[in-house]
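The first chain written gets the first letter, and so on, giving A, B, C and D; residue counts start at 1 in each chain.
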Amino acid sequence: MSAQRATPRHGGGGVQAPAGAARPVPADTALPRAARVLLALVLLAVFGGLALAVLALAQPAPGLAAAVAGRIDDSGVSHPVTAVLLNFRGYDTLLELVVLVLALVGTWSVGRARGCAGNAPGPLLRQLPRLLAPLMVLVAGYLLWAGAHAPGGAFQAGSLLGGVGILLCLSGQPLPGWAQALVLRLAVVLGVAVFAALGAAAALLPGGAPLDWPPAQAKTLILTIELAAMLSIGVVLAALFAGGRP
Amino acid sequence: MLPVLAAPAWMLAVVFVPLAAALLCFLLPRRAVILGLVAAVLTAAVTFALTLEVAAAGTAHTLLGGWAAPLGILWRADGLSAALLAMTALVGVTVSLYAAAYFRDDAHARVFFWPLWLLLWTALNALYLSADLFNLYVTLELLGFAAVSLTALGGGAAALTGAIRYLLVSVLGSLSYLLGVALLYHSCGSVDIGLVAACIPDAPRPASQVAAAAMMAGLILKTALFPFHFWLPPAHGSAPAPVSAVLSALVVKASFYLLLRLWLDVLGGGGRWAAELLGLLGVAAVLWGSVLALRQERLKLLIAYSTVAQIGYLFLALPLAVAGGAAAWTGALYLALAHGLAKAAMFLSAGNLLRFGGHDRIAELDSAVHRLPLTLTAFALAGVSIMGLPPSGGFIGKWLLLKAAFAQGRFGLVVVILLGGVLAAAYVFKVVGHAFTPAARERRLRTVPPGMEWSALLLAAAAIVLGLTLPLISPLLQVGAAPAAMATAFAAWSAA
Amino acid sequence: MTQAVFWALIGMALVVLGLYALIVHAHLLRKVLALNIMSSGVFLVFIGLARRTPDADAPMAADPVPQAMVLTGIVVAVAATGLALALIVRLRALTGRTTLGDDMGD
Amino acid sequence: MAGLSLLDWALDGVLALLLLWLAWRTLSTPALFRAVVLFIAFGLVLALVWARLYAVDVALAEMAIGAGVTGALLLAALARLEPPIGRGRAADDGEGDGT
C-alpha cells in the first residue's frame, strides 16, 4: 500500500518542498509554503504564455457572425444565438441535455435525497413560493417564447423553472405522489427524448440528415424541442438540488 | 442508392441506439438488464456494419442538421474511427454479458449500471465519430461524467474518493482542452477539424501553438500519462470489475485517440520536440508503471498500474512515428487495440477471482487454477498480449515499434520496449504463479457464473487473434489517413 | 489594447487563479469553487475574443457561435458541480472526510 | 475598437478589478459559507460583464444558472457538509443513507 504514496500531486511537477516553513500551514492547504510559492511562480509563467497567445489575436476577426446571418432565414428563428443552439449546432445542445440527464443519474446512484428543507422552514420561506412561483413560471414562459427573436430560450427559462423547484423544495412542500416514480423520470428524459426522436426522424425524410429541420417546419420543431427541454432542465436542476434519488 | 445511404444511417444508429436504450433503462429500471443486453447486441451489430462499410467504401460523412462546416457539425468515420469503434463494440458487448451476471445480486448497482454504461458507450461512439473540436469537448465531458459515476458505483469510501479525484482531474483536463478550442476558434474562425487543419499553417503563431499545447495537456491528463497517472490506479482499482474493464480498456483510449487525431489531422503529424518530450514521458511511464505493478499486493491495483505502463508504450511510439512515419503509427494503434482487448480480459478475470475468493490479494490466490481454469487461461492469454509475445496483437504492435526503432537507430527505445515486456512477464507470472500453488487451507468460496468466465476468455482470445489479422486491419487503418504532405508543412511551421 | 484582448487577459488570469486554488486547497468544496472559476475564465476568453468584429459597437455584429458554445459550457459546468457535490456529501456521510486524504489506493 | 470611450474603459476596469477581487476572495477566504456567498457575487458581476460584451443570452444564463442554481447547489451542499451544531440535523448525519 505504501508504494503508491510516491505518486506526485497535480500539476506542480511533483515538487515536494521541505516542510521547513516557519509559519503553520493553514488547515485548508495541503502544500507547504515553499511549494506554494514555487507553484505560484510556475503558474505565473503559464499565465505569461497564455497572455502571449491572447495578444497574438489582437487584429479584428469576423468569426462566424456573417455565416450565421447569411443562413438565419432558413433556421426558423430570427435570434442568432437560438439559431446556433437549436439548428446550426443543435447536436451540441442535444448532447448537452444528455450531460444534464447523466449528471442526475450519477447523483441518484450515489444516495438518497434527504429533503432540502432541513430545519423547519420559517413562515417567510413557506409563503415565498406562493408569491414567487407563478411569477417565475410566467417569466420562464416569456423567456422561452422570446428566445425565437430575442435573448432568452430553453436554458434560461429552464433554470428559472429549476428555481421554482428549488423554492418549493426549500419551503418543505412534499413531492406529490404522482410525481415520484415514473412521471418524474419521464420529465427528466423528456427533453432528450423529444430532441433525439425528432432529430432521428429528420434523417428519414428524403434527402434529410439527422437534426435537419425543413425550413418550413423549423420554427414549430424548435419551439417543441425548447418546450420539452425547458421542462427537463427545470426538473433536472431542481432534482440536482435535492441531492439524491427520491 | 443503398450504399450511399448506408453509412450515414449506420452512423446515426451507432450514436442513437445506445442513447435511446440508456433512456429506456433509466425509465424502466426493472427491465434494465434485458433492455441493456438487447441494446448492447444491437449497438455492436450496427457498429460492425459501419466498420465494414468504411472498410469497403472509404471514409463516411454526415452533415448534422444538414449544415456544412463551418456552420454545422460533421460526423466523419475513417479507418481510425472505425477500428476504435469496432474495438469498443467488441469489448462493450462482452462486458455487457459479463455485467448481467456480475450485478445479479446487487439490485442498486444493477439499476444504475445500465443507464450509466450505455451513456458511456454513447459518449465513446459520439467521440469517435465527431469531426468538430467543440462537439468533441461535449463528448469528453459526457464520457468523463459517465466514467466517474460508474466508478462511484463501487460504493465504498475508496471508490468514492477515487471517483471524486477522477472527476476533478477529468473536468480540469476538459477545461484545458476547451481553452485550446477557444483560442483555435478565434485563430481560424471554425472548430471543424478539416478547416482548422487547413488554417493552422497561417494561423497567428503563438496563439495556435499555445492552443495546441493546452489541448494536448488536457488530453494527456485524461490519458494518465506519467506523471499525470496519479488518479488512475485508485479509480480503476476500486471500481466494480466490469467498470474497471471499461475504464482501462476504452475510456483512456478515447482521450488518446483524440490526442492522435489532433496530432495527425489538425497539426499535420509533425512536431519533433513535442514528440520527443512525450516519448520521454512514455519511457518513464513504461518503467515506473511496470515496477509499481510488480510491487502491488492486490490484483486489481497490479492491473491498473500495468495500464499506466501500457499507456507509456502508446506515447513512446510518438517520436518514432513523427520521424519514421506510417509503420510506427500502425504499431501504436495496434498496441492501443490489443491493450483494450487484453486489459478488459484481465479486469474481468480479476473480477472472477474476486468473486470466487472474496478478495484480490495476490498472495492468497492459491489453487484458483483448479477451480477457475477458464479464468486463469483468460488471464494468461491476456498476459501474453500485454507482454508482447507472438502471435498476439500486442506482439504485432511492439514488433512494428521495434522495427521502426532499429531502422532509426534508437537503441535506447529498443531496450525500453524489451525491458517493459520482461517486466510485464514478471508481473503476469507473479499472479499466475500464485494461482498455481496448492491451497494452504480450504476457504469459503463462491461459485462464478460460467458467463463471467467465458466473457473474459472471449476477450483474451480476441487479443491473441488480433495478431493474426494484421492484413485485414492495416488497410482499414489507412482509410482516410491524412496525406503525408501535411507533415512537412507542419514541420516548417513548428520549427519557426 | 482592445476591449476584446483586455477581457481575454482577465479570463486567462481567472484560469490561472482557479488552477492555483485547485492544487493548493485540500477542502473538496473549495476545489469545486476553483474549477467553477477556471471555467468562467475560459468562457471569458471565448466571449471576450468574439468582440474583435470590425464594427464592434453594433450589438448584432457580435459573433453568436461562441455565445452558444459558452451557454453549453455553463450547463455542463452546473452538471459537473451537481455531480461533484453529491459525491462529496456522500463521502462526508460515509467517512466524515471533506478532503481526498493521502490514502491513495486501498 | 476606436469607439471605446474613457468612460467605457473606466467601467471595464472597475468590473475587471471587482471580478478578480471576488474570485481571489472566494478562493482564499477561510470560511466556506463566505466563500460561497462571494462566489454568487462573482457570478452576478460576471453577468454584468457578459452584458457589457453584448452577450445578453450568456448574461441571463449566468445569472440564472451560474450564480443562481450553482449558488443554491453549493449552499445546499454546505448545509449537508457542516450541519449546524445543536439542531436536530446532527442525529441523522451519522446514519448515512444506506444505498
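Convention: a residue touches a chain if its C-beta (ideal position, glycine included) is under 8 Å from a C-beta of that chain, and two chains touch if they have at least 3 such contacts.
This structure is a prediction, so every number in the text was calculated from the model and none was measured.
Of the two chain pairs shown, A-D and A-B, the one joined by more C-beta contacts is A-B. The distance from the centre of chain B to the centre of chain D, with each centre set as the mean of the Cα atoms, comes to 37 Å. Centre-to-centre separation of chain A and chain D, using mean CA positions: 15 Å. Chain centres here are Cα averages; for chain B and chain C they lie 27 Å apart. Each of residues 1, 4, 7, 9-10, 28, 50, 54-55, 57, 59, 61-64, 68, 81, 88-89, 92, 96, 99, 102-103, 106, 110-111, 155, 237, 240-241, 243-244 in chain A touches at least two other chains. Shared contact sites, meaning residues of chain D that touch two or more other chains, fall at 57, 61, 65, 69, 73, 76-77, 80, 97, 99.
For chain B, the set of residues touching two or more other chains reads 108, 134, 138, 141, 145, 148-149, 152, 172, 179, 183, 185-186, 230, 233-234, 301. Pairwise, the chains that touch each other are A-B, A-C, A-D, B-C, C-D. On the side of chain C, the complex with chain D involves touching residues 2-4, 6-7, 10, 13-14, 17-18, 20-21, 25, 27, 29-30, 32-34, 36-37, 40, 43-44, 47-48, 50-51, 56-57, 59, 62, 67, 70-71, 74-75, 77-78, 81-82, 85, 88-89, 92-94, 98.
Residues 26, 28, 81, 110-112, 114, 116, 118-119, 143, 151-153, 155-156, 159-160, 162-163, 166, 237, 240-241, 243-244 of chain A are the ones touching chain D in the complex. Those residues of chain D lying in contact with chain C across their complex are 1, 3-4, 8, 12, 16, 19-20, 23-24, 26-28, 32, 35-36, 39, 42-43, 46, 49-50, 53-55, 57-58, 61-62, 65-66, 69-70, 73-74, 76-78, 80-81, 93, 96-97.
Across the complex, chain C meets chain A through its residues 1-2, 4-5, 8-9, 12-13, 15-16, 19-20, 22-27, 30, 45, 49-50, 52-54, 60-69, 71-72, 74-76, 78-80, 82-83, 85-87, 89-90, 93, 99, 102, 104-106.
Partner chain B is touched in their complex by these residues of chain C: 15, 19, 22, 28, 31, 35, 38-39, 42, 45-46, 49-50, 52, 65-66, 69, 72-73, 76, 79-80, 83-84, 87-88, 90-91, 94-95, 97, 100-101, 103-106.
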